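What follows is chain A paired twice: with chain B in the first complex and chain C in the second.
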Partner chain A sequence: MSSANTGTEVGSLASRFNLQQYVVYLGFLAIFLFFAIMLRDSGFLTVRNLSNIVLQTAPVTIMAIGLVFVMSAGEIDLSIGSIVAVAALAAAVTIASYGMAAGIVAGLGAGILIGLINGALVAYVRLPSFLVTLATMGLFAGVSRSMTDLRSISVTNEIFTGFFGSGSLLGVPSLIWWTVIAIAIGHLVYRETRFGAHVLATGDNARAASVSGISVPKIRLAVLTISGGLAGLAGLLYAGRLQAAKYTLGETDLMTVIAAVIVGGTLLNGGKGSIVGALVGSLMMGMLNNGLILMGLSVSDQMIVRGLIILTAVAVSLRDKSR
Partner chain B sequence: MNAPILQLQDIRKNFGGITAIENFSLEVFPGEIVALVGDNGAGKSTLVKIVSGVHPPSSGTIAIEGKPVTMSNATMGRAHGIEVVYQDLALADQQTVYMNMFLGREPLNRFGLLDRRRMIAETEKLVKELDVRIPSAHATIRDLSGGQRQGVAIARATHWASKLILLDEPTAALGVAETAKVEEIVLSLKQRNVGILIISHSLDQVFKLSDRICVLRRGKQIGVRETKKTDKNEIIAMITGLQQQ
Partner chain C sequence: MRKALSIMTVLASLFAAHAFAAQGVTTGPNGEKPVPAASLTLTAAQEQQVKDGKFTAALVWHEMSEYTNAVNAGARDEFKRLGVEVVAQTDAGFDAARQKADVETVMAKKPSIILSLPVDPATAASVYDPARQAGVKLGFVDNCPAGYKQGTDYVTIVSDDLFQMGNKAGIAMAEALGKKGKVGYIFHDADFYVTNQRDGAFKKTIEQDYPDMKIAAEAGMADPARSEDIAQAMITQHPDLDGIYVTWAEPALSVLSALRAAGNKHTKIVTLDLNEPAALDMVKGGNIAALVADEAYSIGVTLARASAGSLVGLKAEPFYAVDSIAVTKETVKEGWKKSLNKDVPATIADAMK
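For the complex of A and B:
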């Protein structure tokens, strides 16, 4: 009796800490070691280069946090890339006329508003999030192009660019602060609050969540709004770091963010995910970008290699999850 | 016996022009198991929804411990101490047993965060009391067998039900041994002094578990019998409407 119990205890421990949960960490380590050896003379391992990777991935990491919530609830948000550009442009234009505070409100507000539109259509009009956000992705890509007639708007407010981009506090660059704080809050909300539990339950079994008294539409509205707001924040970070906003910002981020989130152990169909995993996934994507450039690959070769590696990583992390 | 824990009086339910249930009256007493039987389409599911609060009846009254109540959704039913074990169990498969036990009603600690320690402790205590054999409160639902899942769903209802537990086909998807185990758990619930309303297609099970049997046919209540004073032939005749010779 007691030995049988121990047996099942061990079994459940093994399934709780199964290997597949650590794929992202192993993949991260493998890519890191590969570049560390291959690029030992090209400056990959310098503190400057490594911290650059973290700085460059900050917006992707921030968006990935939002997408973990969205995907855990069983939805998807394809509009985040377009939100980045709209938010960055809204902030840049507003800062120029009304100052920094108004600019931050405009940027974040644009993101939250688009997220609310996505969320309301999904939660209350009951349209599939894939189609809603596919449509708003295109719609707001158009909006960002027409906002400034394709022109780039420079951001000269130094407090803003310091706070959201090039500044530092206690010797740590502000983009790293943003990453650390966002990950910490995201992880806490996701893992330790009722809201996080309800997001997971909604994505896992919406009917069960609903009969358990969870307001499924509110959860759907909330996750898409969070995603929109975080994409807005990512737009501010781009505008701060580049000291300018343009309609091309965030254009190519969608695939990177989705890959980071899935490789990080979040299920596309909802019910399971990890904020910390998404961070590691995001850093992995950044490292890949950086390493392939240092290896001297042409842009087209980079795209091919990156695509293949993402495909492999996604295949490995999704394998036997659909048991 | 004491006052009925659940009292349904002259319940009628119309959907548009169709009458799904009419003239339905039933009392369930604490510590009693009442079985609701009837052929497919007899109105059992509608009654489950009325008792659990999902559908308010078109007319008639529902009283809990003598007090009339009005309910328009399942949350109100739960607030009145009525818990349902749904046929599909309504479990979130990728979450742990303890998170499912507290789904939608998670306790919080003084920092406003999930009180996992309390959820785990209470889950383990209840699972032990009911003798639901699961590996641990941390186990993920999808790693459990059908019988274990059913056990978790019943344990959850037991934890929250202060008045009435509604079991909708609790063993329809289970094997022989698992069915026996679940039946054992259901019988043990009688000691908790709640009313139990069970819907089942298996007359063997109904005769094994219930104190009284209520028969529905085409939305009409055919009759209520004490299990000890009736037999399968009579119940079958009542279900099918074919009079015995």
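For the complex of A and C:
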């Protein structure tokens, strides 16, 4: 795409470049303006409502970062929703018995461990990630149901709930801090490190990457482990925000996360992606939920309109991107 | 620590309510005595006050189904009658985190009333606190957040007479089988107050009131999508079952298809909630013998009325229960009207001709 700045057809190439690269931002802006005008008297533009959107999408954003790495490497992780529930429950149960630090280790550890299992099966047993994570999605959904016999577990440790979801620092809610920090680190690793370049090279052409000396199995193991760990973090954020954990947490998030990542400009088959795009994609999903509710639409109408808008956004963002 | 203890106390009282209800009386989730929903009325002066108040309401549902639709329609109709504008409606898809987000979102419209069914009562305080703290009148279906006080934190709870529903299902099963025979029991294997109460009441009724009937097979169902497998296993192991109770209508359809696949015409099914394909099978003389339905529409009407009334000083009772009806082939028309406030679907009306 950098060739857009050279050559004779600079104008048309640049306009294509812009449309493809910035479609998520333009789409976000268009939807924002639409709601801002339509809902000007309905509280959409209040600081409270806008900050709610960011808070509500924080776990999805965190999971989306992991999925950008996974999809950029040409893989997929369908198990993130189940990891959220396992991690949240592991943390909640452990906090009740052994305190906050142990709870955090248990929650994140569960996520990383499941990610490692996914990664090892994909990288070293050479099974397709779609099938591996489809299986572990079901497997760990079962584990989360049996962990507490379907019961929800309260999280009463106020330091934990404050740190992971309900509190704030310098007047900024902790969920916003988590989002900002995760996006900053994710973006730096993805764009500025050799690891990030290797992930993209693996997704672009695994054989070529392997020939050029990149350990493709290690990259696959790493991206799925990162995704598991970040889904674990999302589980902690849900537990902190709800002050409770239940097996249903994260159950409905997978499609939202995938949509956010793709709308944000990451290719389904690897080689190209954007962390910041995923953030904007995730905020777009949250804004859609929020705005359609505030418009007073019935639930069925909300689902239809949301589906149509996502379809449009995905279609526009994927157009002409096939390599 | 004190907070943990108080939560445990509330949980313990919830379980105590479960145990008490299984003895034969429906109580609220905190042991409240049920008051008939029909007894709640507003005076003409109160209704005028509500109309003059230009109030608004948001409907924050746990999920959308035929049942929720009926509750929703009842609430909307009653609000319309009282001049209360419904400004938002949401569906949490049984996800507590999403329900929290929904409450936060609808708060942007500053509703005077929120009607809701808490997905997870044990932890719902964190879901509804933003609305409670803002002084929104909260009205609940079936359950309330643990730790909330009726009258100060929320207006009232309106629910089915859950014991009556399970009990009527037991009676309907007995009638269908001539009060004797072997029964299969497919219950909801989840910690969910409503289904647990109804399932328990069915089982108690059969065990206590019908000595010649026996629950010969039991299976828990956590995921409705897997109910056909469960039914298949049950009828393979017990081909001589005379009846099967299924916890609600959607999984009952899977049980029906398993029976059909096995060429089984003698095993009767009794289940809960009205459902068109199930009712169609019933009127055509298939396996379905009875559908026990609550008056879901009345739940919405009662909850809307109590919550709107509370804005003009009405003091609601803590717990209202609506009636239920056992709908059979003979009563399907009246049943539809009473439960859902709708005419029976055309397919069923045609089949009855």
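Note that the second predicted complex is superposed on the first by the 306 of 323 C-alpha atoms of A that agree within 3 Å, B and C clash if a C-alpha of one lies under 4 Å from a C-alpha of the other, contacts with A are read in each partner's own complex, and residues count from 1 in each chain.
Convention: a residue touches a chain if its C-beta (ideal position, glycine included) is under 8 Å from a C-beta of that chain, and two chains touch if they have at least 3 such contacts.
Keep in mind it's a predicted model, so treat the numbers as computed, not measured.
Once chain A of one complex is fitted onto chain A of the other, the partner contacts of A:Gly307 are absent, as it touches neither chain B nor chain C. Taking chain A as the reference chain, the count of touched residues is higher for C when chain B and chain C are set side by side. In the superposed model, A:Gly138 lies in contact with neither chain B nor chain C.
When the shared chain is aligned, no partner comes close enough to touch A:Gly99: not chain B, not chain C. With both structures placed on the common chain, the touch criterion links A:Leu150 to chain C but leaves chain B unconnected. Listed in rising order, the residues of chain A touching chain B in the complex are 8-9, 11-12, 15-16, 188, 192-194, 196-198, 200-201, 204-205, 207-209, 211-214, 267, 271-272, 323. Within the complex formed with chain C, the chain A residues making contact are 42-44, 46, 48-49, 52, 55-56, 59, 145, 149-152, 154, 156, 166, 238, 241-244, 246, 248-249, 251-252, 289-290, 293-294, 296-300, 302. Residue ranges of chain B in contact with chain A, taken from their complex: 74-75, 78, 84, 86, 88-95, 99, 103-106, 108, 112-114, 135-136, 138-140, 142-143. Within the complex formed with chain A, the residues of chain C that make contact are 3-4, 7, 61, 64, 86-91, 93-98, 100-102, 104-110, 119-120, 122-123, 126-127, 189-191, 222.
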